[in-house]
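Presented below are the structures under discussion, each in the form of structure tokens.
Look at the two complexes coming up: subunit A is in both, with subunit B in one and subunit C in the other.
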Partner chain A sequence: MPSTLIEPTTKLPPSTHPFAEIIHRLERGGSMLPDTEENLMQIIGLYKAYAIPMDFYWRDLLYIAERVFLDPVPAFKYFLPKEYLELANHYAGDNADLRIWRGYATAHKELLEFIEKGELKARIPKLFHHFYHDRINMEFAEECMRAMFWHRNMGGLLEPYMDSAEYKQNADRAIRAYFRDNPIMLGLYKLFPDMFIEQCRQATMYSVLGLFWEVMCPVFLEMSDIYDEGGFKGVPDAMNFLVNGIFAIAGRPIYHRVYIRGEWYDIVPKSKGFTWLYEAAFPYVEAVFYRTSPFRGTKSYNAQAREVPDDQNDFHYGILYADKFPVASAGIPPTLLHQDMYHFLPQYLVDYYQKFCRGADDMLIQLGVSFQRSMYNVTSAVIQAGRAAFLYPLDDPNPRHLWANRYYFEGQLNRFANPKYGMNKAARILAIQSQDYR
Partner chain B sequence: MATIVDIAVSNPDFSTLVTAVSAANLVDALNSPGPFTVFAPVNKAFEKLPPGTITTLVQNIPQLTRILTYHVAAGRYTKNDLRGRESIPSLEGTPIDLYITAAEFEVNNATVIAADIEADNGIIHVIDTVILMRPHWFHPIMRWGKEGIKSEGVVV
Partner chain C sequence: MLSTLIWLPIGGATIASFCSAKWARIVAILTSSAILFLHVLLLRQFNLGTGEFQFSENLPWLPNIGLNYTLGVDGLSLPLLVLNALLTWLVLCFDREVKERPRLFYVLILLIHAGLSGAFLALNTLLFLLFYEIELIPLYLVIAIWGSKQKNYAATKFLIFTAVSGILILAGFLGLAWVAPAPKPVFDYQSLRSLSLPVTAQIVLLLLLVAGFAIKAPFVPFHTWLPDTYVESATPVVMILGGVVAKMGTYGLFRFCVGLFPEAWSLLSPWFALWAGLGILYGAVTAIAQKDIKRMVAYSSIGHMSYVLLAAAAVTPLSLVGGIAQMVSHGLILALLFNLVGIIEKKVGTRELDVLNGLLNPLRGFPTVSALLILGGMASAGIPGMVGFIAEFLVFQGSFSKFPLPTLLAILGTGLTAVYFVILLNRTCFGKLDNKTAYYPKVLSSEKLPAFVLTTLIVFLGIQPHWLVTWSETTAQKISSRLPSNAIVQLINLQQQ
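Here is the complex of A and B:
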């Protein structure tokens, strides 16, 4: 591997893992992403470019979960009403529940400007912007939601709750209220109740992802501000900032409620005790970073030839494994997200991309690779947060504890070294060790 | 003898825990006949958590309750009773992992610094770290790490 050799911690013999060097780096409190100035610049720039569309994603996800709900023809679900653009973020602004991150509660200024004029920089009717895709591409956010919804059994208590009689009862109440004046839909509900309940579960997942990203948005913006002020000394600083954020917000409630004719209907009440870490963050990382689903685009998979795993646990089509092709999809690689981030890149990254590859012509690919680096860093933060929460300090004096930490790191990295279905070849972990991967 | 709550209240090392238990309205439950086995974190254990963690939990009582009930098991279990067991179910639902030898007593990643404190309605084991529910993927990942990449089979 090209990065500088990292000595193992002194108390244990060197790791014999195929990614031993990365294991040693993690044991020293580092990230899977090497600590270089170029990497730091790329990942922070991307966090900023991601945070602004994310400010739209979480607001619209909650709007769909709470207001659009089971609308059979949700043609205008991406047209966010003012009320949701002004919805106060629980973790930003003067009245925030927890004021760790600066920034303000309502939609970001750059986002509002973009919604107004788009890339075309023209005030033309919204519908034209929409069909020209000159807008925030919610299709990406919905693809992430679907990945979480489809890959069930990823832990947490929300999963079993969505199959419980209590959930169905709550959903039933909301469905009946929502379609109170619509006898056709009520008749269909009587005929196919499970279909409606399943749609309701999907709306719940919209809410879960919305509440998850509501937190990440101010976190990423804060990281960009700190970097601009010269506050991060390296990649591990950026990772540790995320680790602290994960801990701070771990207990944030995850819920789903629907607003119907002036009344809130709880489908997943806050009182169930579901949390951001267990019911949203862990399932999100698993479903979106690791798994998702085989993408349609330049590469085809033949399920009959067993090119697609029988077992969903083996799915490996997430961002950490993605080839960066411009397939223009919402899935992986998420070109539509790249397109969204492209509009909000800091100038230093635009200048940087001009110098490499085909400059402006393949900027979507270059920023996609930077995004992949930034998500390896987020995954590293999740791995380190898991180590801190469930295992031991990196300088623990007990060798048995240090071995447990090592097994944990090696187990995590096995997911990128597994020859099954060529996962080891698909994983980009080795590629991101080099600055030449663009 | 005193109840679990009485013992905790009388010891200043548990003041954070007592505040949390009161905020979560668990005082009556822990004063009930039980019996319970409580893994009680000392103040220093809470101080180890990064800033914000406690604030968020105190603002959200059901979520705080969930974390606290993860520190409690139904039944009265001394260290000796638990020897030979790999885990014990918590009231929250997720098992608490145990590691017990003659000299050592650990629950998840916490060390028991004082074991077998008898109360009327149960037993207290004092721990040095707040324990958090280990997710379902935790043990498969640990096994896979221990057995090495060649074992391949992991269900996450």
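Here is the complex of A and C:
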């Protein structure tokens, strides 16, 4: 049963944008993803399947940022200690700062079970699971972090702060403490200080992404629970839940601290007032959804044919453009995230995938497409949140305000319609309008 | 024993024609399995130490006109008999493509098998011609009934070409019988071999037979029926056509042209060698120009059959062994390639090179089929480790000392084979699947089984070629020894002048 959309009292003439139909939907409070029961089922199922590995991602990202830090040989950085598995999520459980998920704050039970037995369903030493790739693949999370770190300058105040003298001073303090008993590394630090500071910035980005996903994990789990209880009536409901969540959480702090020999060293202190929405959510969406996702199925590009933009702003290799099929050679499997989500698919989604294409055989591709749909919905939520934050209500009677909203929506969708570098062909926005895109 | 190989499929076909479609299939499978088993027994009992015909059977049929039911097997016919049995078994056991009139299909395939076996076993030229012509009828029907759009055109073209081929061969055999210095026409192969004919008569009769068999094989420029027939035929039919039926042409060349006219053959062999070299290049170059993968494989066949002509022209023991090995190797590889191309066409709905892409994709493509296609392409291009290399290497090694230039042209042709297979594989298997079209159905395991069987043989015989060449070594030695030495050929040349 589709959810009810807003019917503005003031009508604007139809948009002439190539994606006019989608713009009209956004103007009525809808999502870029069509409102169908099938779409809702797919995106919520995927949110659930994504939330559980994400529970590992955020914990491990924080572990790397706070404990592994500048370890020159971080061989065991993906082996999460018990302390971090029991780390309380600030947005779940009874003692949450802001309770989003009604469940518990420690690592998800399905995740713990998977860590213990893996896909092999056998209790063997962790190292064997690891080498067999029978684990949560942190490589995906790290690639997301690197995408954010590489693009940088996507707005927010954290970016300039990381280049400030204060940041360098904080980092210097932490670096000296971390390598206190290691004269070789201290000597290297003296010789190449910028390299160490850059590594420290990367650790900060670990922390930023970890804190971002610490929020998103309970959001997705709660959405899954609400759906299971029959709570969402359509795709816009799911999107609005995200929009409301974004506003509720927007001001949560973004920080980076390192734990060295029993003492916490602030590199980006909470007191600086960096917030979740501007320093983590927006840059994440920009970097991973639009510009450079770690998905190996991303549109193939050829530098010699000038397919790679000179300007990082023109990159368009994010999830929203990702091809469901691998490129370069046909033998590369889909992204590791697909593999991670595959382990935690809800049964209704497994049953659904069995009915189409090659059933169990190409479930990784089918869930990849569902993931793309769900990320278009998340992007829609971010677009709507941006509209709500900076522009006007959708039922505003003032036509000038509605025109401003339209220009905003059209501006956002222009990113998918730009023929430069073949962006319009690479974007999957038209593909997801059809249920047959699987 | 040998009669069973002919009459068992005929019996099976007769029973199947009275059964329901389901039972007809069961009868066909059981018959082809029994036939294959008999061939295994034949291999076990075959005496490798003699180049003479074995398991001979001789029954007078119409002695007044010289037609006798004389059968025998030697190292030339044995590998082709086994190839025939194997491909028939694969087609009947694993083919699920034929949905329309399946009973008739099984019956006709069994009859084709019987006709081919009869031709390979016949030691009477009239009996050979009888089988050669008889299998034409079921072949015409399987092309015309189960072919694709232009099936009638292709079937008629095939019929006309092969009928002309039959007429030429008949003319050659009748001429031979009449010219032979004997009180009454001779059609018995063994007797004909012992005859001594004037060289001019030999040349005229040889050219008639060569033209007839060149159409069947086919060699350039008698090949124009082949692309249409192969492309328009259904996958199981083209596996038989390309795998075995075409081998009747090269078999006839070895058996009757080289075997019955040794002096004339020796005289003309330089021209045949040059013809082979040019044919190989022509086949390769035309294959490169194709945009349809089935047509490309079909054109590849034209070039590859010319390797056999080169081997026959050289008539050294090594080249003859290589030629026989090439017939088997080509039969296996071509059947594999047509089988895989058929699967791709069935699943994707096209054979166009410009449309196909990324089939090696592990989840939505056909990774196994593509991998086997790559292997088949490599085998066809003569990559070491596979049976194609062994056969071609033996042909080159055996021919180079006698005909260096044509052999070099053939080697160049092998290089060009690699070129068109790289084009085929690069465009078909590699690259990226298109989001809009890549919803192809899965290839079932049963559909892949024939390809697995053929691939296993291609690789096994490539690694252990002894199992391929051992059957024909003595026979090749014997055929080669019957040819006059170079000195005698020069003498004949002088006499001619």
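We adopt the following convention: the second predicted complex is superposed on the first by the 410 of 438 C-alpha atoms of A that agree within 3 Å, B and C clash if a C-alpha of one lies under 4 Å from a C-alpha of the other, contacts with A are read in each partner's own complex, and residues count from 1 in each chain.
Note that contacts are C-beta pairs under 8 Å (C-beta built on N, C-alpha and C of every residue); 3 or more make two chains touch, one makes a residue touch a chain.
What you see is a predicted model, and the numbers here were worked out from it, not measured in a lab.
**Q** Just to be sure I read the superposition right, which of the two partners does A:C357 touch: subunit B = first, subunit C = second, or both, or neither?
**A** A:C357 sits against subunit C, while subunit B stays out of touch.
**Q** Comparing subunit C with subunit B, which touches more residues belonging to subunit A?
**A** Looking at subunit B versus subunit C, the one contacting more residues of subunit A is B.
**Q** In the overlaid three-chain picture, which partner chain does A:G155 touch, first (subunit B) or second (subunit C), both, or neither?
**A** In the superposition, A:G155 touches subunit B alone.
**Q** In the superposed arrangement, which partner chain does A:G251 touch: subunit B (first), subunit C (second), both, or neither?
**A** first
**Q** Which of the two partners, first being subunit B and second being subunit C, lies in contact with A:F76: first, second, both, or neither?
**A** A:F76: touches no partner chain.
**Q** What is the contact status of A:I365 with respect to subunit B (first) and subunit C (second): first, second, both, or neither?
**A** second
**Q** Check subunit A for residues that touch subunit B in one structure and subunit C in the other, and list them.
**A** none
**Q** Please name which positions on subunit B make contact with subunit A in the complex.
**A** 49-53, 55-57, 59-60, 62-67, 93, 108-109, 132-138, 140-146, 148-149, 152, 154-156
**Q** Can you list the residues on subunit C that touch subunit A in the complex?
**A** 358-365, 367, 370, 429-433, 435, 438-439, 441-442
**Q** Inside the complex, what are the residues of subunit A that reach subunit C?
**A** Per the touch definition, subunit A meets subunit C at residues 300, 323-327, 329-331, 333-334, 357-358, 361-362, 364-365, 428, 431, 437-438.
**Q** What residues of subunit A sit close enough to touch subunit B in their complex?
**A** Those residues of subunit A that touch subunit B are 17-18, 97-98, 100, 154-157, 243-244, 247-253, 270-275, 278, 282, 286, 311, 313, 386, 389-392, 401, 404, 406-412, 414-415, 417-420.
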